[in-house]
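Structure provided below as structure tokens; questions to follow.
For reference, chains read A, B, C and D in written order, and residue numbers begin at 1 within each chain.
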Amino acid sequence: MPLRPSPMTALAALLQGYLPRLVQLRGWVVAALPMVVVLGGLVVSILLRLNGTPSGGATPMALFHLGLAPVMVPIMALVAAPAGIREDMEQRTLPFLLLRPGPVWVLPFARGAGWFLWGGLWLGVACLGLGVLGLEVSTHFLALLLAYWAELAFLSLLGLLFRRGTLWGVLALFLWDPLVRFLPGRLQWFTFIHHVEALAGRSPQGGEGILAQAPVETGFWASALVLLVFGLLCWAAAGWKLHVTPIGLSGGEAEG
Amino acid sequence: MPIHAPTLPPRPLQGEGLAPALVLARFEVRRILRQRLGRFFGFAFALVLLVDLALVYFKPMAGVAGQLLPQGAAFQAGLLGKVLLFLLWLQVAQVGGGLVARDTLYRIRPLMYAHPVRHLDYLLGKGLVAVGLPFLILLPFILLPWGVSLLMAGAQGPVWPTAPLHLIPAALVVSFLMGILTLGASSLASTPGGGFAWALGGVLGCGVLGTLLSGLMGNPGWYAVSPMALAQAWPRILCGASGELGWIATGLGTLVHLSFWLGVAVLRTRPREALA
Amino acid sequence: MIRFEQLEVRYGSRVALQGVDLELGPGVTGILGPNGAGKSTLLKTLLGLLKPNAGQGWVLGIPLGSPESVRLREQVGYMPEYDALVEDVSAFEQVAFWGELSGMAAPQARDRAHEVLHFVGLDESRYRAVSGYSTGMRQRVKLAQALVHSPGLLFLDEPTNGLDPDGRSRMLDLVLKVRDQLGASVLLSSHLLEDVERCADHLVILDQGCLKASGSMNGLRSRLARRCELRFLDPLTPGQEAALQELGSLLATRNGLYDLELLEPDPVAPFRWAQAQGAVLVQLTPRHDRLDEVLLRALHG
Amino acid sequence: MITLDRASLRYGDILGLSPTSFSLPMGGGITGLLGPNGAGKSSLLQLLCGLLPPSGGEVRVFGEAPYRNPAVLVRIGMVPEGDRFPAGLRGDRWLRMMGRLSGLAGTELESALARALAMVGMVDRAHLPFSSMSKGMRQRVRLAQGLLHQPELLVLDEPFNGLDPEARLELMETLRGLAGQGKHILVSSHILGEVAQLTDRILLLLRGRLLAEGSVSEIRALLDRHPVELRVHSGDPRAVARWAVEESGLAGLRMEEGAVVLSVRSPRTFLPRFQEAVSQGAFPFTALSPLDLDLDAVFHYLVQDHA
């Protein structure tokens, strides 16, 4: 007689079961996103060096602050998040998982964890690539990794809560984040990009606030903690939501 | 007294119908007009048009003793300005993104090819909407200021009497760029939302790439990678205003984008594959 | 209506239809075969979308592969298996749209849409958006779309898919109505043998691109001499069941239905046997091949 | 043992299942679950499989409330309707994951997998990705998913949908075999002929209520408003008709070509007399077929009478 699997068993089973998805189209898109920036940067800097034009430390910083942090990591999260628990809802395979005796709250994280590890791996490769151009690797990697962690968790939660979760995610990452950067005060606290900059240092050609305020400063460890805990909270909220919501065959909810 | 049992007579033979491409286009237009988002965009465009008109007249009037004075090339090109084009990109991505993707989602395309619709008809019909929509929206932005300027100040107005000759071709090229790009993007997606995302992703992604490349290479010619930059460049070039992008880069960039996205659309809508 | 001589269709190097000799007249023809048997290739060929690589074919008198065959799409109607409906538009508007695409002028197409929707029995709901329709209504819209241009040949792919018993029976009635009132030839592809049994006059069995059998329903379902099916009012006792061998050899039993090969071809004998055994017969029917038997024989020889 | 005690299911304000009570004994066998669209079949199945909690009343399967209850879930296997599959995965890999989620591991898992695949005839094809399988193959994999943990109760929602005729016949054979091994199988289907081939025991739902339960012949006997129609083929149908009008209990009579259709109020008293007459050669006789004793007729009469 089979027994109820423990949360760890369920996590491992899902992680392993969905592993092949990472090395299919969507997985390679996630991998390619940071690599495009880094490879582009490497090619350009080699060309410049061959021309004899000296490239300062500005190039890797520009790649990080213009390409990776504000554009590529959010897009990675946007690409990866719908392939998590949202995918099971959309292709109506969630009932198969709910029909199994394992714990339900572990599902959102178990479906997202693979995408986090895979994306994290490629962010690491990207940071090493930028390291060749003179970027300080460890803090920048930590910043990207934590941003990806928090954004992926946030988008997964949105995907679980709203049918148009991805749209709300786009609005949050590409409208709210850049807009609030120009606004004064503590509101900046509620953007991902602020914490990335607190971890990795401010962009050299960084945006001047429209209302020209002194930038808000947040400590390194405070920001790291904020991103980490925010991500954890999002996963937990997603798990809790799935745990308390009865979900039937049509994928819709029924009221208890 | 006979009983006329209800039955289905053969189809009527009288009357020649429209070409399939036109039927398709009209069906799409009706659908677009019914959308709520369409009304929102209509309002936004009206607002931009008003601001434009105000700028056209009050700016030069305030400057030189309240007189309407002829303006330079940059001013003419500005009639198809940045804000307008940005709004238009959004609108075209939203509408155009759904053109092919909605058929994919509802699986209508196989049925079209089962009716007498050819591949060319399908592309023409969809293309007509995708290209025609931005063109029709751009047209009042050219003709209205021009007409009012002519009425109020004749040849001495701020808008050149010959401005439409420069701007209408520009609007046409821009419409083709926008329309064909979204058509291709739409054929990549399987839902209208996905089409919107592909279109915006294509435009913004190429935009970021263009900015990065031109910044890193120190050559603004690389902006030609960005469709947004291309759309902004065409009115300037055709009006003879100076800009970051030259003739060659603009033409080449436009040609590459057009052929790439058209190729995508052609490949992804073939009848053989559609009929599962 | 359809005549194929050694027809062969390939996708690149993959053969999809091979050496098909077929002649089909008017009426309903059931098409049976496993998934991937070549049904969708057949459809594309009928619509003139695929050209035969070898052999010849005529559909409604038009030679396949000739320049004329582009006109086939004006004369063939297709009802797909899956939902192929514009969800945000009413049934009326989309049937009119299909009419216009088939070459009717707008006013004619609108009149025609009403006529066709009446024919398939879709009433007031025709003005509502399709997204709120039930499965049965959706199937009707799909059928209306296939009928709008008065095709001489109709290809119905799984028309009863997803319908409940009532809806299924009404859809099959509609198929028969199409045959009887419109005089169109109907190709009915279905996985449900019951549907084919009820509607089809002819049968075509395909497997892996080859024609395995074709002919009239009655011709293929030969009557089996001395075979009959018996059912009793009350279940037989084991003793009675054993005694059945006095009557003939028992070939199969399923849910109280006994498939028997009688010793002598006399329909009264089983009644005498039942009288003697104290059982009461409610059914005694001569046994034809069931459609599943015809199918299995055609597929596996 | 399945017991429902005034169990109901609402989706928001929409009715899925009205308060329903019944109990179904377990043990080897097949029960058909029938009903028109919207009758509440899938609501009932979802309650039984513990996907949804009842909005009111109680559901008990194996003596416990099934909603997300691991103790019940390990004893139930379910195959939901529809061609649902995880895109991009391979069949065996997915099944292995499902097995792990049921607490199987190691050699136990591998042998369970092999057994389930053998049962559905997919041993050599399970390694294919779902996207390159046919609908029928995917349905078999889903079925293997339901069998993997050797459940005592197997719930199948429209299991034949999308299968070609041959695959249908094979699947029916498999199900009969499983029932013979002591598993209880609850099959919901729209195709009455196929249910009739599988089983005689049915549950019939209509408009969210349980309308009938039992064997087809028992239920037919209760439908005494509808006389039984018997078609008698004969070389001389008029002779049959002449004989029949002399008999009592004839409710109606209709002549056809080469046959006569007799409507009979009580087949239990009429048929023995008919049998006697045939045996004695009272009229020429070739065949006797009842027109409305089967599941099809029972279903339509029930739905007609109570709609």
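Rule of thumb we're sticking to: a contact is a pair of C-beta atoms (placed from the backbone, for glycine too) under 8 Å apart; a residue touches a chain by one contact, two chains touch by 3 or more.
This structure is a prediction, so every number in the text was calculated from the model and none was measured.
Among the other chains, B has the CA centre that is most remote from the centre of chain D. With centres taken as mean Cα positions, chain C sits 47 Å from chain B.
Chain A and chain C have Cα centroids lying 53 Å from one another. Averaging Cα coordinates per chain places chain C and chain D 23 Å apart. In chain D, no residue touches two or more other chains.
Taken residue by residue, chain C touches two or more other chains at no position, since every residue touches fewer.
For chain A, the set of residues touching two or more other chains is empty. If you draw each protein chain as a dot and join the dots that touch, you get one closed loop, with every dot joined to exactly two others.
You'll find the chains touch as A-B, A-D, B-C, C-D. Within the complex formed with chain A, the chain B residues making contact are 193, 197, 208-209, 211-213, 215-217.
Listing the residues of chain D that touch chain C in their complex gives 34-37, 134-136, 161-169, 190-193, 196-197, 199-200, 230, 267-268, 271-272, 275-276, 278-279, 281, 285-290, 293, 296, 299-300, 303. Across the complex, chain D meets chain A through its residues 9-12, 16, 42, 45-46, 49-53, 55, 67-68, 70-71, 73-74, 76, 78, 80-82, 84-90, 93-94, 96-98, 100-105, 145, 149, 157.
Residues of chain C touching chain D in their complex: 32-36, 134-136, 161-168, 191-194, 228, 231, 233, 254-256, 267-268, 271-272, 274-275, 280-286, 292, 295-296, 299. By the touch criterion stated above, chain B contacts chain C in their complex at residues 6-12, 14-18, 20, 23-24, 27, 31, 34, 102, 106-108, 110-118, 271-272, 275-276.
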